[in-house]
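Written below as structure tokens is the structure these notes are about.
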Amino acid sequence: MMNAIPKWLWIALGLAVLIVAPIGQGNYFTLILCSWLMFTIAAMGLNLTLGYAGQISLAQASFMAVGAYITALLTLNGIHWIVAMPAAVVACFFIGLLVGFPALRVKGHFLAFVTLAFNTLVVLVLRNEDWLTGGSYGKFNMPRPDFWIFNTARKSDVLGIALSSNQKIYYLCLITFVVFAALMYGLIRSPWGRAFKGLRENPIRAESLGLDTRRITLLAFAIGSAGGGLAGSLMSPVVQFIEPNSFALVHSLRILLMVVVGGAGYFFGPMLGAAVVILLPEFLRFTQGYYLILYSVAVIILMVYSPSGLMGIGDRILSKLRPQRVVRGDMKEGAQL
Amino acid sequence: ADTMKIGMVVELSGGGAPAGTNFRDGALLAAKEINASGGVMGQQLEISEYDTGTDPQTSRALVQKAIDEGAYNIWGTVYSSSTIVNMMVAQQAGVPQITGSEAPNITAQGNPYIFRTSYGAQKGIPALTAYFKDTLGAKKVAVAWVNNEFGKGGHDVFVGEMKKAGIDVVADIPSEAGAADFAADVARIKDSGADAVFVYLHEEESARFLREASKQAVQAKLVGEVTLTGQKVIDLAGDAANGAVAHVGLTADAPLETFKTFKAAFEKEYNRAPDHNALKGYIGAYITKYGTEKAGAVDQEKFANTMHGLCLKAAEYPGILMDTCWDDSGEMSRPSFMIEVKDGKQVVGETVPAN
Amino acid sequence: MEQFLQVLLSGLATGSIYALAAIGFTLVWQAAQTVNFAQGEFVMLPAFFVLIAMNSGLPLPLALIVALAVSVFVLGFLFKKAIVEPMQKHGNGGGLSLIIATMALAIFLKESVKEFYGAEAQPYPPLISGGTWNIGGAIVSVTDIAHLAISLGVVVGLTLFLNRTRTGRAMQATAQNPAVAEILGVDTNRMVLYTFLINAALASLASFLITPVYLAKFSNGEYLGLIAFIAAIVGGFNQIRGALAGGLLIGVLDNITATYITAEYRAAIPLVLLIGIILFRPQGLLGTSEGRTV
Amino acid sequence: MSQTVLSVSHISKSFGGIHAVRDVSFEVQKGEVLGLIGPNGSGKSTLFNCVLGQLQPNAGAVTVKGQSVSGMRACDLNKLGVGRTFQQLSVFPEMTVLDNIILAGQEHHGTMLSRLFGAPDAGLTGEADRMIEFFRLGHLRDEMAGSLSYGQQKLLDAAMAFMAGPDLVLLDEPAGGVNLTMLANLKERLQTYNREHGTTFVVIEHNMEFVMSLCTRIIVLAEGAVIAEGTPEEIRSNSQVIDAYLGG
Amino acid sequence: MLELKDLYGGYGKITILNGVSFKIPKATITTVIGPNGAGKSTVFKAIFGLLNIHSGQILLEGRDVTGQKPRDMIGHGVTYVPQGRNVVPQLSVYHNLELGGITADDQDRVKQRIEVVMDQFPMLRQFRDRKAIELSGGQQKQLEVARALLLDPKLILIDEPSIGLSPNLVQEVFRTLQRLRDEGVTILMVEQNAKAALAMSDFGLVLELGQTRMHDRADTLLNDPKVGQLFLGGHMEETD
């Protein structure tokens, strides 16, 4: 059974698969994997804001945009990615703080609206201020970073294995992803994670227990947004082309879809969700024009069957295996009074 | 090998679906004809379709995929914003790409593997300058354009031309792709006192614009490039389209035998009328055929070299529909038409010679 | 002045159609606590039913009736029974996952129309036609006036229905506290169903009115759904007349922005203005605050 | 040596036309257990909410340990050492009982940063477990708080107020729905805290037996105003109170 | 009047009720007592059709009503006042009351009944047009109790009415229930305020761990030393 194998073994196994995944694969497949890793990072950020802290945000794609454009502008001007990336992440952190401020006054759908407006505004600024952003032509040919013995811009042998530029950039994505995931894991397990959940569950009570809900709300936004920024700063060298429409509202909705399909509030949810949202359409491509139809039906069925997403399916299967009636522990024990 | 793999990367969903679908259908029609007559250098065309969803990044990944899967040529994309991105991939891999896009900057990149099926706005719009200046005698013009890659390219060329011609642009009104409500745009144009309006929008937006202009009784002449007088626009706008004028590089209603034959074949195959994107797709497929045969080998680099500076006569190469030449940047030239809508019909006026 | 009047009147006319979509949106929000991201597609689809009916030879009035019936069945009944109801069984009203399901539904409807009817816009016959009037230099069509009148009528009618009739109040109770309503013997399931049927009917009405302007196209819903969402929020999300006010406000603001402020930022300026309203009045324009929470 | 922990002076609050609280003043000394009783709608909860910053009073001032708390946020009040419970159930429904309790205590352990990087929950878990055991919720430790019965949630709520280790605790109907045996335990715990830590309590409660046996002093509100104040014995025999509240 | 036969049930798959059986005669008051989490509220939910019943039977006047919906139960003349807060927050007090009679065919009669219950709880008349959410905790409870009386029920299930009510009002509610009993209404009530409740009841029922432990005449239970020790606050009196 699942429980027989310890968690860390599963994680090690998963990592091993991710390490060998692009070997011997074509460029397209490698790039799809990169795309999966990038969106997973963005979705994990949103999962913190939405899944744990319960603050709805429809602006994650715009943070990817900010991260991507900052990275693009810096790296096109000769600054190394390793410097540009933290700059992008920090910038997104602070912009996230700002976007979080309305969340102190409004909740739920109003907050959705404010973040939606922010996303629209970012996209329009990117398109209209062409002196900086290249307007609707976007920015292209961003350099891929060179890490001395590991130059992602060129193909070469690493440890005796011939790696293409795309494969190397995949490993950059993978390393970033692993580091980010580890940080997130620590955060969620720390008392901060509990505070985020408290904010989601009952903010008034949380406040009366000494939790500074304002600070927690802002942090939830800022950290989540920084995740978006990190994803964006990967996108710039991976895709080597960015333009405003790639960050439009529909893409924020897509990231939301990843979070919920995977299972909001589950640590591994975004990884599964991003895999489904990005990889499933690829598998369905052979159905030609019908793939989006099939895909949307699949999502509806999943949501109807398991509202807590793919992670919830696991729970449901486990509970199917259990006996039909469960007598709760305390109900079986003898009288306690 | 006795098959030739083609990667058709086009907009089959999303906002560009109408254009992409037409391009595809035109290309498939041509491919069917080509295969029936023995293929290209004895190889049958084997076409894989890739739907970009009108998303540039997806299109880039899909061009990569098509190349991974061994495509000899890439056909598409139609939307300039996608082409500008994915053409880099094809260029790196040395795969010729035959695009339906018209944005000026596509052939300005110095990419030796890109070829157009219809010339860029920077060649089409100047053909209108004389019309504004001499025929209409306009002093003040307004321009309504769609604020994306396609519209911005055209808009910039147009504004430059007007400046050269000494005509004032008194209202400069961008709108979003897919915009539905043109009340404010038209009200501004009316208020600006322009004698003529240059309408550079996609088909459906053109139709909505024409309707609103007719509702608000705009007196100024409405002039377009390619789209404004398309059959689709006329169908959608109804009476409101009457009087609109456009310079058109390709139209299924051109009074030429080759076009009539094409139109009949397309209608037979698909039960609907083709538009200029269908023509582009059709021509694009034949470019692959004729270019390869001219090169004398199924070789991507030779193909590209051959295409640069190539001129084809429609009499010998009927699939090309009109006498056409390509220059070193992949830009093309061929004759074009002025069309006016009268009583819901496209009336082809003078033919503008190739430039 | 002339221009302003024109822009104002045109804005009101389109705004009134937004309002119709927004009202249904608000109702569904109340009944199922869900943001229906497919609302735009609900407005897109009925026009295609009309076209299909007409293509099979029915005259327009009959086609409209058939389309209305089919829409109410598909977008009201089926939507409720096949998607919303099973999800609400899982508790907490379906929550986020229901929202996601409606997003997927939006894709499904859009892609199905495209696949089975075609990607290109189709001309669509106007429901109301007539000449235009010149009001102080601004040109207003009979259609515009009719649109305004219809939305006002719908709002008045619905408000009366919800406040004055027993069914209406039972629907309100269901919306506000389904658990209590259930205990009091309200057939909450049926009340929610009514809401969905009304929403489908309103969406069809909006569809019949707006498609002549927008042209029948599979992607029409993308913009309309967003507008309905925004109008509903601005209006307060729990008020029918709020949705009307929200719809009209968006229509007018949009046009005024495009005319006088900036066409480039047309899509954002109204949103930014509305954010001001929301931060200032978090309960929306006409909404009421939640009252005590402790 | 008596020290004023809470001082409420001339608080008024009205909603529209209703004067929920009219010019109420009182002081609470350290170590007191003050009862606040009165008929339904007499303004008790409103008064609490004014004291705790959930509501903005129309007039009057509140000081805690000599410090004015007007406009102060609930979390800062908590840091000052003020804990509370709510009249309506107020737990974190989708978190386990244990997490509810630890969350209640964690703000008083370590700094913001140490809570992020330090060993999580150091020392807290043990304390939380003791608290859970005390309120006989041990078998429910890992259940979601939302699935507890009414009385269990009420106890959890009280446990959370204690976890914050406050000097002043305001309890709004802690006994409602709690089984009498557990109630006795609750009372005992209150008294222990009161005795050992000098914790001050203000309790709103309709259960007279509980109030009378627990409180050292009682204030009676009616229609928003104080109508009586005194020891339990005095209140029990006050005819005005009997008329307005206790009934015959 | 009401009979439960070996009832098993719970939330989802979790079983809370482990064989609850009892019978209550018509026109009596039965008080259910038991520790927190014993399953008292769960029994009420089961009777009123709000629970997954795994096995067992519920008979109302001899008719099997197991698994019927709340709506059906109201049709049979059963009303239910749950624990906690259960008003429709944004509707006025009057409309909340009116909702209590939503299933009745004769709306004029409902209007009359509203006047009657408002006489009984004068507070309701005073706050007639205020939104329910603006009422104090106890005022909301009064509204709920009043609402349950609206339809002339045959059987009232009332879960801890005393929570949040001031003592005089508790007495008022108890007196009302007794009067109703005398008029032939059957009442099943949960109370932690057990001594007072048993004193006014005919029967008492002790529930523990999802099972019926004792079921006897109220005065017998009141005088039972064990019950007194465990449920009537005997412990408390000692420290008093």
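We call the chains A, B, C, D and E, going by the order they appear; numbering starts again at 1 in every chain.
The criterion applied here is as follows: contacts are C-beta pairs under 8 Å (C-beta built on N, C-alpha and C of every residue); 3 or more make two chains touch, one makes a residue touch a chain.
Computed from a predicted model, the values in this text were never measured in an experiment.
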Exercise for the section: Look at all chain centres (mean of CA atoms) and spot the one farthest from the centre of subunit D. Expected result: B
Problem - Of A-D and D-E, whichever chain pair has more C-beta contact pairs - result: D-E
Completion exercise
So, in whole Å, the Cα centroid of subunit C is separated from that of subunit D by 47
Completion exercise
subunit B and subunit E have mean C-alpha positions lying a whole-number Å distance apart equal to 76
Problem - Distance between the centres, which are taken as Cα means, of subunit B and subunit A, whole angstrom - result: 38
Fill in the blank from the handout: Between subunit A and subunit C, the Cα-mean centres are separated in Å by 32
Completion exercise
Residue ranges of subunit B touching at least 2 other chains are 12-13, 147
Fill in the blank from the handout: Residues in subunit E with touches to at least two other chains are numbered 35, 37, 134, 230
Fill in the blank from the handout: Touching at least 2 other chains, the residues of subunit A are 127, 204, 289, 292, 330, 333, 336-337
Practice task
Write out the stretch or stretches of subunit D touching subunit E in their complex.
Solution key: 15, 37-42, 44-46, 87-89, 140, 147-152, 154-155, 173, 176-184, 187-188, 206-209, 213, 245-248
Practice task
Within their complex, state which residues of subunit E touch subunit D.
Solution key: 11, 34-38, 40-41, 83-85, 123, 134-139, 141-142, 160, 162-172, 192-194, 230-233, 235-236, 239-240
Fill in the blank from the handout: Per the touch rule above, subunit B residues touching subunit C in the complex are 12-15, 17-18, 21, 147, 173-176, 178, 180-181, 183-185, 187-188, 190-191, 203-204, 207-208, 211, 215-217, 232, 235-236, 238
Exercise for the section: Mind listing the subunit E positions that touch subunit C in their complex? Expected result: 48, 50, 70-71, 74-75, 80, 82, 86-91, 95, 98-100, 102-103, 107, 131, 133-134, 147
Completion exercise
Per the touch rule above, subunit C residues touching subunit B in the complex are 2-3, 6-7, 10-11, 14, 111, 114, 119-123, 132, 139, 141, 213-215, 217-220, 222-223, 254-256, 258-259, 263-264, 266-267
